[in-house]
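Attaching a single structure in structure tokens format; questions to follow.
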Amino acid sequence: MAAVRTSSEVALNRVAIVAVLLITLIFLAPIYWIASTAFKPRNLATTIPPTVLFQPEISPFVKLFTKRSQLRTPPTPEEYAAAPWWERLVFDGGEKVVRDGKGNVQPSGYPSRFMNSLIVAITSTILAVGMGTFTAYGFSRFRIKGEADLLFFILSTRMLPPVVVAIPMFLMYRAVGLNDTHWGLIILYTAFNLSFSVWLMKGFIDEIPKEYEEAALVDGYTRMQAFFKVVLPEAATGIAATAVFCFITAWNEYAFALIMTNRRAQTAPPFIPSQVGSGLPDWTVIAAGTVLFLLPVAIFTFLLRNHLLRGMSFGAIRK
Amino acid sequence: MRKTLTGILAGIGLSLASGTSAFAQELTIFWAEWDPANYLQELVNEYEKETGVKVTVETTPWSDFQTKAFTEFNAKGSAYDMVVGDSQWIGAASEAGHYVDLTDFFAKHKLAETMAPATVKYYAEYPAASGKYWSVPAEGDAVGWSYRKDWFEDPKEMEAFKAKYGYDLAAPKDFKQLRDIAEFFHRPDEKRYGIAIYTDNSYDALVMGVENAIFSWGGELGDYATYKVDGIINSEKNIQALEAYKELYSFTPPGWAKAFFIEDNQAITENLAAMSMNYFAFFPALVNESSNPNAKGTGFFANPAGPSGDQFAALGGQGISIVNYSENKEEAFKFLEWFVKDETQKKWAELGGYTANKAVLESAEFQNATPYNKAFYDTMFKVKDFWATPEYAELLIQMNQRVYPYITGDQGTAKEALDNLAADWNATFKKYNRIK
Amino acid sequence: MATAVMTRLDPSTRAAAHGWSDLTIRNLFIIPTILFLIVFNIFPLIYSLGYSFTDFRASTNAPANFVGLQNYRELLNDDFIWRNFAITAQYVIVSVTGQVLVGFGMAMLLNRDIPLKGLLTTLLLLPMMLSMAVVGLFWKLLYDPSFGIINYALGLGTFEWLSNPNMALYAVALTDIWMWSPFVMLLSLAGLSAVPKHLYEAAAIDRAGPLYTFFRITLPLVAPILMIAIIFRTMEAFKTFDLAYILTSQPTTEVISIRLYKMAFQEWQTGRSCALAYIVLIMVLAITNIYVKYLNKVKER
């Protein structure tokens, strides 16, 4: 900046820096607290004053993945010695690992829910972004009568409260047997994300100069070839950003998953709150489940940082 | 990177393609998330060893157990072959055809004679006294109390208590004593509080808590045969009982407006309260020293009597039913045949389950197995339950809506709350043509 | 809709004479999406419109009886429902106001030369990317009166955040403010950085006070984008379900989505809940309409 900075401006700037740092710390504190609780011994999770320094433990993660039950009689020393390290951690917590009839360790519900989340989020993202990109191209490049109304129609489907949609969808799914299936949830999430992906992709494709395609057409490409060989590569960044947004939305969705799934297709968000423990809460296990669940989103947020603004405003605002 | 991606996609494709494969050699039982469900898993492991049929117990938290189960029933879903459903569900589930009729099964195995009477009456039979049975009593349960024996036995406390109230400090025999002891130990400046009671209004926790007072005052919720509620639910006894419950709320730890079994157990383990209401089935965590540092100093007692000496407790517990939409009904019947065998029931009790089998319950072995089994046995003969009509869920929500603001929010009077509730229930019964 | 798609093409795009015609491509690209959305979004709504005039219960095998407008009449005369709407309105006002104040304030602070600005902004955006249900659950522990860190850090003793019926809604709103202020911040930052520097320089030359500069230059120029943020958040807050459902069960936090959920999936009053869903739907569409009008206006500039 060319303007001369007065000393009061410099001081003001310093105050602002301190304030920003402070606010960032406050905003991140809950997330830090979740992450640190995931590594605490159970008895340190709910202490006053709060425990900040502690020997980190891996036991919450062991518990997260195994089905456990209250130990009614302590294990004999032989049993304890024969147990693998992770089973000892469970014994130490006053619980034992539940096994099935063949003696195999029973997993908790978490791994299958995590897998369901992956299946549903990835598949619905591919469908929503795929269809969205084609449709956005159509809206961007061809003149369509009532375009604004159609786009409004597409957007408005996203604005419906999930519970409102869930009531008829539940009845329809019941008729065709889609309740509690992966496909049932995938369809809902695809419909939910499709409008978003159309709006966002239209913005990205609008920015690609028409001249590129026209040049390709002159070179003898068909329009389909031009679309695949010229437009898509140009839109790659936009497609990636849209995909990540769709993925995060589907990954985090709660209300539909709560209502439309039960056991087979249940995703992690309605499941994690159900890990409160069977008699006493175990916040360390909830925290461990939360950390693993939040990790992909945290990573994506960093990858996406330059596109956040655009994504969060449905492509209305560009940087 | 590309390899991982292909791997994931292939995995997804496979899972999507296989869809909902139903292996006949597998059974799934749905229950709520608590220790008895884990004990049941251990029990059914024996079944797998004997028959090769793998049985899995699936669980969900209590707060949404009902919603989940009925969403699945109403979706006519086959995710679960059997459900260990709450006693109040039986009307709704049998009338809508969600449960398989077990009347013949009951007769064949003479279950009406071998199971404890209260469990047959409340878990299995609907409509009342019809001789039609819909589930096999699996887990008996009722509300009881845990208390800090170490606090009660502190000589200084005993002396101070006697000086203030004129009688000895011991596990309370009636609600008057319960109130006195709660008041006595309620010391917010020491971060010690009198009593932990149920207040969660998301399912039936608060209602169960209030029922403990109402039933022990000699009151009823209504006439279950004629659906008459006016003058019964808002009787003078019930008003007093509700007022007493509200007074207990003033001796609870801070933040006690959404308390259910987790919070009430925590009140004991975290040194928050002197006494705590809970279902017997949640007590294992309290005698386990790893989860309860005060395990040695924790005692148990049955729900105390009301002013006129009536002593009843709210019934918990569940029967196991076969879901009508299951694809493995034959296998499920075979499993139940095994489940009701005497030796299975004995094993069930050994593992920590609360069997409903009379013979096992009466055995000294069972009664001495834990510090609270005796109190459980006593309670199981004086239990009463909520409405079991198909519209019970609405009745429950209405009771929560009327009673909760009075108890936790200090709104209105007990009489107003119960008068309004009587009107709500009356309207509901009219709506479903139970009364004219 | 079909007629809209079948209109004549812009001749300038008809450059390719071979391959599929542009008309085919356009229809191929657009119609599947429209159909998909009609089948899975509009058709269900028509389906539930029908049920809203009946006493249908999905929990019984009894057939649905036509009851006319009875469901709507009863709902609009139900004090409990009106209280749910009042609670929702209160929640929207508290939470959106909070987000705008905090978010805009943060944007004002960040809109200057600050080291590591990019990193800090990204970190601040983390809360809103996370799952409301999962993170919301953890706030229960943070708010706990006996061992929550919030009371400890603020020295509030055993202050009851969620158990006090008069406080609970504010506690839920506070969590929402934590999650979504960064959203308002992000949009405000975009607005602020678009204000031409020369306007400030001119104001400085005129010796205008900071308040004058803020109200006469900054605010009017940021207002359109801020308005988008407000409408967007209003809509989301109106739909709130996860956070309030997970954090508390107080009657004072029973927003309309929770009431609807209970009516539909706990009481199984399917017909009645369809009617309530329609009442909610009309309100949401009204807000959406305002939003889209605004969006197009901003985009035109």
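Each chain carries a letter (A, B and C) given by its place in the written order, and its residues are counted from 1.
Just so we're on the same page, contacts are C-beta pairs under 8 Å (C-beta built on N, C-alpha and C of every residue); 3 or more make two chains touch, one makes a residue touch a chain.
Remember, it's a predicted structure, so these values are computed and weren't measured experimentally.
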| item | value |
| --- | --- |
| Chain pair showing more contacts of the two, B-C and A-B | A-B |
| Identity of the chain that, by mean CA position, is farthest from chain C | B |
| Gap in Å, rounded to a whole number, between the CA centres of chain C and chain A | 18 |
| Averaged-CA centre spacing for the pair chain C and chain B, given as whole angstrom | 38 |
| Gap in Å, rounded to a whole number, between the CA centres of chain B and chain A | 35 |
| Touching two or more other chains - residues of chain C | 58, 144, 146-147, 265 |
| Where chain B touches two or more other chains at once, by residue number | 71, 74, 270 |
| Chain A residues counted as touching two or more neighbouring chains | 46, 170, 174, 259, 273 |
| In the complex with chain C, residue positions of chain B that touch it | 66-67, 70-71, 73-74, 92, 95-97, 188, 191, 200-202, 253-258, 270, 272, 390, 393-394, 397, 401, 404-405, 408-409 |
| Partner chain A, residues of chain B touching it in the complex | 8-9, 11-12, 15-16, 19-20, 28, 30, 33-35, 37-39, 41-42, 44-49, 54, 56, 58-61, 64, 68, 71-72, 74-77, 79-80, 261-262, 265-266, 269-270, 282, 284-286, 288-293, 352 |
| Residue ranges of chain C touching chain A (in the complex, touch as defined) | 1, 3-5, 7, 9-10, 13, 15-16, 18-20, 22, 25-26, 28-30, 32-34, 36-37, 40-42, 44-45, 47-48, 51, 58, 106, 109-110, 112-115, 118, 120-135, 137-139, 141-142, 144, 146-147, 149, 152, 178, 182-183, 186-187, 189-190, 201, 204, 225, 228-229, 232, 235, 238-239, 241-242, 246, 257, 260-261, 264-265, 270, 273-274, 277, 280-281, 284-285, 287-288, 291-292, 295-296, 298-299 |
| In the complex, chain C residues that touch chain B | 58-61, 80, 144-147, 158-165, 248-252, 262, 265-269 |
| Chain A - residues contacting chain B, complex | 43, 46, 67-72, 92-95, 98-102, 106, 109, 115, 118-119, 122-123, 170, 173-174, 179-183, 258-259, 262-264, 273-274, 276-281 |
